[in-house]
Structures are given as C-alpha cells and as structure tokens.
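One chain, subunit A, links the two complexes that follow: it is found with subunit B in the first and with subunit C in the second.
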Partner chain A sequence: MLTSVAIVFDGLVYASWLFTVSVGLTLIYGVMKILNIAHGSLYALGAYAAAYLVGAYLGGGYPPLFSYLVLLAAAIAVGAFFGVLIERGILRLMYGRDEVLMVLVTYAVFLVLEDAVKVIFGVDPYFASQPYGLLGTVDVLGLPYPVYDFGLIALALLAGIGVWWGLNRTRRGKLLTAVIHDREMSVAFGINVTAVFLVTFIIGSMLGALGGAFTAPKVSVVPGIGVEVIVLAFAVVVIGGLGSIGGAMIGALIVGLARAAAVHLLPQAELFVIYGVMSLVLAFRPHGLFARPATRKI
Partner chain B sequence: MTAIQLKSRCSQRAWVRRASLAAVLAGTFALPAPTAQAQDAGTLKIGIVTFLSGGAAGPFGVPARNAAELVIEALNAGKVPAPYNTTGIAGAKVAPVFVDEASKQVVADYRTLVEKEKVDLVIGYISSGSCKAVAPVVEEIKRLTVFFDCGTPQVFEEVVTKPKYLFRTGAHATMDSVAAARYLLELKADVKTVAGINQNYAWGQDSWNDFAAAIKALKPAVEVKTAQFPKIFAGQYGTEISALLASQSEVVHSSFWGGDMEALVLQGTGRGLFGKMKVILTTGETAMHRLGAQMPEGTILGGRGPHGNFAPNSPLNEWFRKQYFDRYGTWPTYPSYKMALAILGVKSAFDKAAKATAGQRPTQEQVIAAFERLEYDSPSGKVRMALSNGHQAIQDTAYGLFHFDKNIGQATLVKVKTYNAECVNPPEGLKSADWIKSGFKGAKCN
Partner chain C sequence: MSFAKDKTLIGLALAIPALLAAGAILPDWLRFLLQVSLASGLAALGVTLQMRAGLVSFGQGLYFCLGGYAAGMAGHFLGVTDAFVLLALGVLVPSAVAVLLGFLMARYREIFFAMLSLAFSMILYGILVKAEALGSTDGFNLPKATFLGYAPSGAALRFATYALTCVAAVTVAMALHRYLTSPMGFIGEAIRENELRVEYLGTSPRTIVHVKYVIAAAVSGVGGALAALSVGHIDPDMAYWTTSGNFVFVALLSGTGSVAAPLIGAFLLELVRIYAVEYSPYTWQMILGATMLLVILFLPGGLWSLVARRGRGA
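Then we have the complex of A and B:
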C-alpha cells in the first residue's frame, strides 16, 4: 500500500520536473522545427541565475517568502536575454537549412554556453536551499514530502495549461498554430513568421530556464547540470511526439511513473527504464504518441 | 594622380599588407613550441591530470590542482619540511603540465602527454572510469604513472594484475567500505537493517558491494533493505529518498560525491532522512567545510583515509595545512592530501634511487625499483606501497561524526576512530571481495 502510494506521488513529482524541463524543447521544435540542444544550457543558466540571485536576495535580509518570485524573475530574465541572443544572433542566420545542421548549430551553442557558465560563475557549487525547506513537509501515509515538490507539480500544471491555452485560445496562438502547420503558407498569408519565431524561442528559453530556476533550491548547482537534462528532455519529447505539448505531458507522466516503479520495486532497472519506455513507444508509434500526421508536399 | 598611378599605389598597399601578414604568420609558426624543446637535465616534467571543469572540479579536481601547485613550488624552493627539505626531485626542478580529466578522451590525452609533451611521469586521475581506461595504456607505453585518487579495487585486481610502470599511492575503496562497516557496528552494535544509495558505475557498485559484504561478514544477521543505484549526476533523488524512507532501514550507506552528495544532503534533510536514519557518507569529508552548518549533525563521514581533519598531528601536516589555508582561504580536504602524498611519494622514490647513482638522474627502471614496497611520510601519516607487488599503497583510515562547532563557526569531527592499515586493507595476493567473504582472513586490528 505504502509502496503504491509512494510510486504515484514520486512519479508525479518527477513527471512534473520532466515536463517543466521538456515543454520548452517541444514548443521550439513544434514551431521552428529546430531541436534545440542548447535547451540544457538555458536550464543550467536558469539554475545558476536563480541560485545567485536568491543568495543575494536572502543575504540582503529580505523576507524569504518572496524568494519564489526571485526564482521566477531569474528564469524570465535569463530566458529573455539568452533567447534573444541566440535567436537573433545565430539561429536567424541559419533558417531554412537542413534540420540536422540546426542540431549541430544548437549543439555548438550549448558547448559555448557551458564554458561561458564556468567563466561567469566559476567551478564551485552554488547553494540556494532555503526556499526548498521553507514551506515544510506534508505527511503522506508516514512518508514526508516537501510542500515545495507539490508546488513544482502545480508549476508544471500551470506551465502546461498556460502554453496550451496560449496556443489554442488566443489569437496569437492560432497564428502560431498556423505557422506550425505550414510555414510557407503562413508567410503567404502575411503572418510575421520572423517575429513568431523570436517570440517562440524566447518563451521556450524561459520555460527551460524556469525548470532550472525552480530546481536550483533542491540541488547544488555545479557545472554540467545541463547535460543530463538534454537527454531526459529529448526522450520525453520523443515519446510524446515532437511538437506536441499534450504529448510531452503524457510522456513525462509515463516516464515518471515507470521510473518511480523501478526505483521502488527493482532499483537495478532504473537506469534503463526511460529508454525502455522510449523504445517501446517508438516500436509501435514511430513518431511518438501524439504525433501529427505529416502532410506530404508535392 | 592618374588612374594607373592610383591602381599601382593600391596594389602596392595590398602587397605590403599581404607581405606583413605572411611575415606575422611565419613568425608565429617559427616560434619554438615549448613542448618541442629538448629536455634539459635540470627539469623533471610531470603531467598532472585532474578534473579542472565539470561537476568533479569543485570538490576534487581544483583542490588537487591547488595542492599540486603548492607542493611543487615549495619543492622547487626547498621549503618543504624534513624529510623532503632538498630542492626539487633528485636535484631537478619540477615543471608541471596540467591536463583536464574532463576532456572525454582521457586515453588520447594520456598518449599526448607522454608521446608529444614527453613528460617524465604522470600523476593523476580521480575517476575510476578514467583509471580503468588508462591503466592498460600505461603498461603499453611504459611510462611511470601514479594514480593518486581513483578508488576502484579493479585497477590491480582485474585490469592490470602484474603492474610494472603503474603505481597507486591512494588506498582503494575496499578500505573505505570495510572501515565504514566496522565503525558503524562500533557505534551501533544492535543495527539490524541497512540500505544503500550509490552511483551506478564502478566506484558506486564496488563501494556498495564491499560495504554490504563487510557488514554481512561482521554481523550475518543484518538485512539489506534496499540498494539504490541512480545514474551518476542525476541530481534529483526524490524517488530514491522515498524508497529509502519506505524501506525503514536504520542505516543508509552512500559513496556519493560532489554535487550528487550535496543534492542528497539538501533533499534528504528536507524530508527528514538524516533524522530517521544513520547516514554514512564515505566521501563526506570533502563537503564538510563547504556545506558547513547545512550538513546534518551526527552524519558519519569518511575521508578516504587519514586526511583533512582526520590527519594525525605532525610538523609536515601542520606546514601543509597552514600553507594551504594561507594561500587558498580554505582548509585542505582529502583530494589535496592525496595529491600531496603522491608527489612526495614520487620524490621519495627518486631520492632513494638517486642515492645509488651518485647524483646522476636515476633511470625510470631505477625509480620503479625504489618505488616498489616504499614506505614514506606524508601530511596524513605513513604511506606503505604494500600490495600488488609494491605498486598499491595502503594507509590507516578513520571515520567520525560531523559536528558544527558554533563557537568557532567551523565544521569538525567528533567520535573519530582510526583503523590501522592491516585491519581494513586486504593482504597481498588476496582479492578484496574474496578477503571480505573469508571473514577478513589475516586482518590485524588493534
């Protein structure tokens, strides 16, 4: 009984982390057809900025309860700044090229940003753990869970609903959907695709940085935290279908629950579970669970 | 000016520009590359490989590099206390060449160090993965190499069973695990259940296997509740912590290091893991000063040997600690100690070999002969090259409980227990796992 409940809760917490971290990646791919490997760097930059700013904020003696707003502000600032820098500075020059080439370009950006992080922040770890413990714990059948983790579930839901609502219920979102379906036709209809790309990339970067910023209080922020995230985010996004927000949510849930089950029941399999799920899904649905059927252009 | 005159002026300028560019390029390539110079007899070139970037840099690589710079400069100035108070190594000045272990091509970098940079010897390697990869190449290339930190016993037990050019001055993980088991049982004789969380690679697996086997050998009634193996650098341990809490084990063993260990501490304290269970962090000493008051009181910490706060008092230790603190503003932890003792071990071997060669630089073969079965002093006490035909070091080790002393504002260790080397290291000729299973045959504990 306890194990089943623990699996469900742990699965949800991990799934919410996975989703927050992957939704930006799938959004950028869906709109721009670019697999953004630099997403991992945005995550790392978000974490570093959050750790640094929270440290400065709490060191200044301000009320700890608002440190969560500092985390949010760090994510938005990092996402906006680096989103504009990368999109305007590098990606804009490469549009229309082969998708594989774009992956190499974003990988190069990732490598550059990894070293930039070391130059700016050094190699020593950063800690910002006060926000994590501030809200206390909640007892679930005898297992303590930090309220912060449930907050992360809420954050993931908000992010998911926010992106979905933005895409489906606003005018700009509908324009974005049009661009997703057919870029050339959108241009022909007068949609400012360049601006759409910029806004999408900024939002995607902010979401990546958001994942990093809200993870920072739970970990020690060290060089290299972005690397792990790319592989996991990629796996989740592929399971759900590249470009599908709902797919990313379902993919994150499946992976989170499967991994939690493995950790509790068969720890040796934990390392393999995410790739096992990915292989299984791709064996039956090669484009992911919610992949859009792609129309063929003549 | 006519058009033709203008054109010839322009092409003249272009020609001048091209010529100067060519001259600059020629000059750059004509400058002798420092590595291509012939070795001068008065310099000993040592390649030093540690993590200078990535997650392992902060807790291990950088402290090790700092210690290397400190000790080498002091050696070159003849300022190290006795018995190392002669200048340089066998009279030669030491010139270090630092290489980043995080390069993802450790073997290729090792070959470059030896074949292109032509170093006289290599000291390095923190990750067990690097050591396993480099060890066979050392014997193939035939260059004296000293592993200073990596912990897996597999280096001399599986990978290179008859080493000639390879030495390891750091004791291996079996010592850490066996001492942890002994310390735990002395602290809590009535322990019935244990659990573990270790990184899923050679170091984590070997550490856990040795600890579980040692506990079982010392007290067969102990039950293993769960053994978690998350991916290295995973960073998120919520699910594993739930599994540990749900298992209701009394003890948790972890060989986590660096960012993973710190994340485990932060996430575990948030959920009461450290309050409910006795946690053993076998590499915890590296984080005690950095985490400070955030490390939970009473956590069992190990330092991979009698290093850092575990080091016995001696003039050499006092000198090392003072020099390190004055220069770097923080106390040296075990990676710094292990690097220092590796360099001093090399000096001991060279100096011993030089006694027989009347001042001439000894050959590599002579140094190797001197290094085998060598016993020498270090800031953390005596080091004895006693295993694997004199190529693997053993040392005493110690464990203690973490205590943050608010009066002095510093992290300290209490209830420290030292274990002598023969108690927690396997004897010559016996593999670690077999030795533990046999009930520690031949162990001499005080």
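Then we have the complex of A and C:
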C-alpha cells in the first residue's frame, strides 16, 4: 500500500518535472519543426541562473519567501536572452533546411552552450536549497512529502494550461495554429511568420529555463545537468507525439509513473524502463500517441 | 571499376604500409591517438554509410558499445584472449542484433529513425549502467590480447594491437568502398533523393535500408571491439547519446564523399581535441560546436568536399 502511494506520488512529481521541461520542446517542434537539442542547455542555464541569483538574493538578507519570484525571474531572463540569441543569431540562417539537419544544428548550439555555462559560472557546484526546505513537508497517506514538490506539480499544470490557453483561446494562438498548418499560406495572408517563430522560440526557451530554475533548489547544480535532461525530454515528446501539448502531458505521466514504479519495485530497470517505453511506443505508433502521421509525398 | 583504376582503393591499400611504418617511428602518445581514432572513425563510418541513404543515426553508439562489450565480455568472463576471435565476436554480435532491430528500423525515416536509434542505444546504456556484474558505470578491463598464439607484452603488445587496428580499419574501409561503388551501394543515394521512385523502379527501399543498417552496425562493431582492445577497458559511456553525437559530428564534418573521410576526420578531431583540452579546457566543446555550425552553413559536403573539388580541378 505504502509502496503504491509512493509510486503514484513520486511518479506525479517526476512527471510534472518532465512535463515542464518537455512542453517547451514540443511547442518549438510543433511550430518550427525543430527538434531542439539546445533545450537541454536552456534547462542548465536556467538552473545556474536561478541558483546564482537565489544565492545572491538570500545573501543580501531579503525575505526568503520572495525567492520563488527570483527563480521565475531567472527563467524569464535566461529564456528571453538566449532565445533571441539562438533564434536570431543561428536558427534564422537555417530555416527551410532538412529537419534532421536542424537537429544537428541545435546539437552544435548545445555543445557551444555547454561550454558557455562553464565559462560563465565556472565548474564548481552551486547550491540553492533554501526555497526547497522553506515550505516544510506534508503527510500524504503516511508519507512525508515536501510542499515544494506539490508546487512543482502546480507549476507544470500552470505551464500546460497556459500554453494550451494561449494556443486555443487567443488571437495570437490561432495565428500560430495557422502557421503550424501551412506556413506559406500564412505568409500570403499577411501573418508575420518571422515574428511568430521568434516569439515561439522565446516562449519555448523560457519554459525550458523554467524547468531548470525550479529544479535548481532540489539538486546541486553542476556542469552537464542538461545532458541527461534532453534525452529524457526527447523520450517524453516522442511518446506523446512530436508537437502535441496534450501528448507531452500523457508522455510525461507515462514516463514518470513507469520510472517511479521501476525505482520502487525493480531499481535496476530505472533507465531501461524509460527508453523501453519510448521504443515500444515508436514501434507500434511511429508518430507517437497523439500526432497524425504525415502523408508520403512524391 | 577495376582495382587498378580506383584511386580510393589504391590509396587505402598504400595506407596500410604507411600507417605501419608511421607506427614504428611515431611517439607512443601519437600512435595511440591514431589507433583510438581509427577505431572511433569506423563507428563514424557506420554513420556516414547511413547518411548516404539520408538516414541520420543518433544511436550508433549502440553498436560501438555492443562490439566493445562482446569482445570485452568474451575476454573477461570466458578467458578468450585471441584478438582475432574477439574481433570476430565484435562483428557478429552487433550484426545479429542489427538484423533483428533492422526489421523495425528499416520502416523509419528522417527524425523518427534518429529518435528510435537514440532510444535503442539508451536502452543498452540503461541496462549496462545498472548491471553490477559488468561493473556498472565503471565498466571493466580486458585481459591482454594474444595473436594466434603469439603473446607479446609491453611495447611489442602495443605495436601488435596498433598493427591489428590499422589493418582491420583499412580493410573494412576498402570493403565498404567496394560496396558503395556497387549498384547496391549507389541505390542508397537514390533512396535519399526520392524513395518512392526507387520503389516504382521495382526495388524495395526497406530491404536496402535494412542491409545498410546491418553493414553499418558491423562496421561500428569492429570499431567498438578495436577500441576495447586498444584501450583495454570498456564502460557504458560507449552507448551514451553524446558518444553517438560525436560520431554524427565526425561524419558531418568529414562529409560522405569518401570512406577515408571519417577515418581521417576522426584523427584530426582527436588531435585538435588533445591540444584544445591542454590549452583551453572549458571552451573545447564550444570550438567543436562553432566548427559544426560553420561546416553546416558553408560546407554542406563536409571537409572532404574541399579535397574532392581540388581533385576535379574545378
């Protein structure tokens, strides 16, 4: 009983973390058809910026409760700055190239940013655990859970609902949907696709940095934290279907629960189970659970 | 094309004595670098082979690792020390796995091919990392290799593994060149350009891709086994996605123009890496990434296209 409670809650917390990281990735793919490996670097940059700023903020003796706003601000700043830099500086020159080539382009950007992190922040670990412990713990059916983890679940829901609402309930979102379906036709109708791409990339980058920023209090921030995250995010979005927000949510839940179950029942299978599920889904539904297969063109 | 007229084959055949002579005079560190980069160059060659058919494998580390572990486990657990047997295992095991996975992989193209190959390599990584009998993340050491009963040690052993690596790598490259200049080999480019038409012309792209996938796995497996023999140690990082990413990097940088390109490219990269790590340890990947972007932007055919252009006199 206790184990199943632990599996469900650990799974949910892990899934919400996965979703926060992946939703930006799937958004960028959906609109721009770019599978962005550099998303992992934005996660790392977000984590570093958050850890650094929270350290500086609390070191200044300000009220600790507002450190959550510092985390948020760090994510927005990092996402905006690097989003513009990557999109305007590099991706802009590559539009219209092959999808797979774009993966390699973002891989190159990822390599550059990996070292940029080391140059900017050094190689020593950063700690910013105060926001994590600040809210205390709460008992869930006999198991103590940090309140912060529930905050992460709420954050993931908020991010998901925010993106969904933005896409489906606003004018800009509808324009975006038009661009997703037919880029050339949208241009012909006067939609500024350049601006749409830039804004999408910035929002996606911010979401990636957000995932990193709110994970920073839970872990020690060290070089290379983005490397593992990006393949996990790939697994999530591929399971859900590339470009599908709802798919990313389901994908995150599947991966999160599967991993939690493995950790509690069969620890040796922790990593295996994630990529096992990914392969299984790809084997039976090559385009993921929630994406429509493309038609073959001559 | 006959052997006598094919410049690539002649060049490769001449490379064997040249490499062996170089091995006798080069300092130990440089020879070792050459040896290791020939091994990883073979894995990159596997990526190149698939790239010619328009498929980017982001999980070639799977077969590199399988080759290494097949050789390593036979040596460590079964006490097999003969390098030729280990090498053969390093080809057979990855090929067998590729034949099976190929039935699935051959149905995938573009980004889905890349993602599925990534998933498979990460599965192997996930298993190896948690396998305590295999040393988890630390991996394990291989016993000293013997060569058909000849059991050297010290400097003689190092030269023997170097010689084996050179001969094996170049032989594989020559065989692959013959394959690529055959009709079967040329069809890869046709698939990349227009798969549907290839189908209409009466060939099965799926079978062709399957065959290419298995050949690429075998070649990468040889690379893995050679790397294991050269370094004397294996660990799960051989299957991690960054290893595969590195192979893709080498393939892209070198270009798909010649089978020699990834081998030379891997060596140059290792050479640059050694100096970059020495003088600027934290910006090494940055240099890599920037180079990759420049190559993608300005040299879509890779560095080899510079060589090829000169050869044509254009």
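In this text, the second predicted complex is superposed on the first by the 293 of 298 C-alpha atoms of A that agree within 3 Å, B and C clash if a C-alpha of one lies under 4 Å from a C-alpha of the other, contacts with A are read in each partner's own complex, and residues count from 1 in each chain.
The rule is short, and it goes like this: a contact is a pair of C-beta atoms (placed from the backbone, for glycine too) under 8 Å apart; a residue touches a chain by one contact, two chains touch by 3 or more.
This one's a predicted model, so the numbers in the text were calculated from it and none came from an experiment.
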So, after the overlay on subunit A, do subunit B and subunit C clash or fit? They clash
Pick one for A:287: touches subunit B only (first), subunit C only (second), both, or neither. second
Which of the two partners, first being subunit B and second being subunit C, lies in contact with A:187: first, second, both, or neither?
neither
Kindly classify A:154 by the partners it touches after superposition: subunit B alone (first), subunit C alone (second), both, or neither? neither
Open item on the list: Just checking: does A:99 make contact with subunit B only, subunit C only, both, or neither of them? Give me first, second, both or neither.
Closed with: second
- First (subunit B), second (subunit C), both or neither touched by A:108: second
* Determine, under the contact definition given at the top, whether A:124 touches first (subunit B), second (subunit C), both, or neither. => first
Looking at A:3, would you say it contacts subunit B, subunit C, both, or neither? Reply first, second, both or neither.
first
Query = Taking the superposition as given, does A:65 touch the first partner, subunit B, the second, subunit C, both, or neither?
reply = neither
For A:271, using the defined touch cut-off, is the partner it touches subunit B, subunit C, both, or neither? Pick first, second, both or neither. both
The shared contact residues of subunit A with subunit B and subunit C are 115, 118, 123, 227, 267-268, 270-271
Seen from subunit C, its contact residues with subunit A in the complex are 56, 58, 104, 107-108, 110-112, 114-116, 118-120, 122-123, 125-127, 129-131, 194, 196-197, 241-242, 245, 248-249, 252, 282-286, 288-290, 292-293, 296-297
Listed in rising order, subunit B residues that touch subunit A in their complex are 52-55, 57-59, 61-62, 200, 226-231, 233-236, 238-240, 242-243, 245-246, 258-259, 262-263, 266-267, 269-272, 290-291, 294
Subunit A contacts subunit B in the complex at 2-3, 6, 9-11, 13-14, 17, 115, 118, 123-125, 127, 129, 132-133, 137, 143-146, 148-149, 215, 217-225, 227-228, 259-260, 263-264, 267-268, 270-271
Residue set of subunit A touching subunit C in the complex reads 35, 90, 93-94, 98-101, 103-105, 107-116, 118-119, 123, 227, 231, 234-235, 238, 242, 267-276, 278-279, 282-283, 286-287, 296, 298
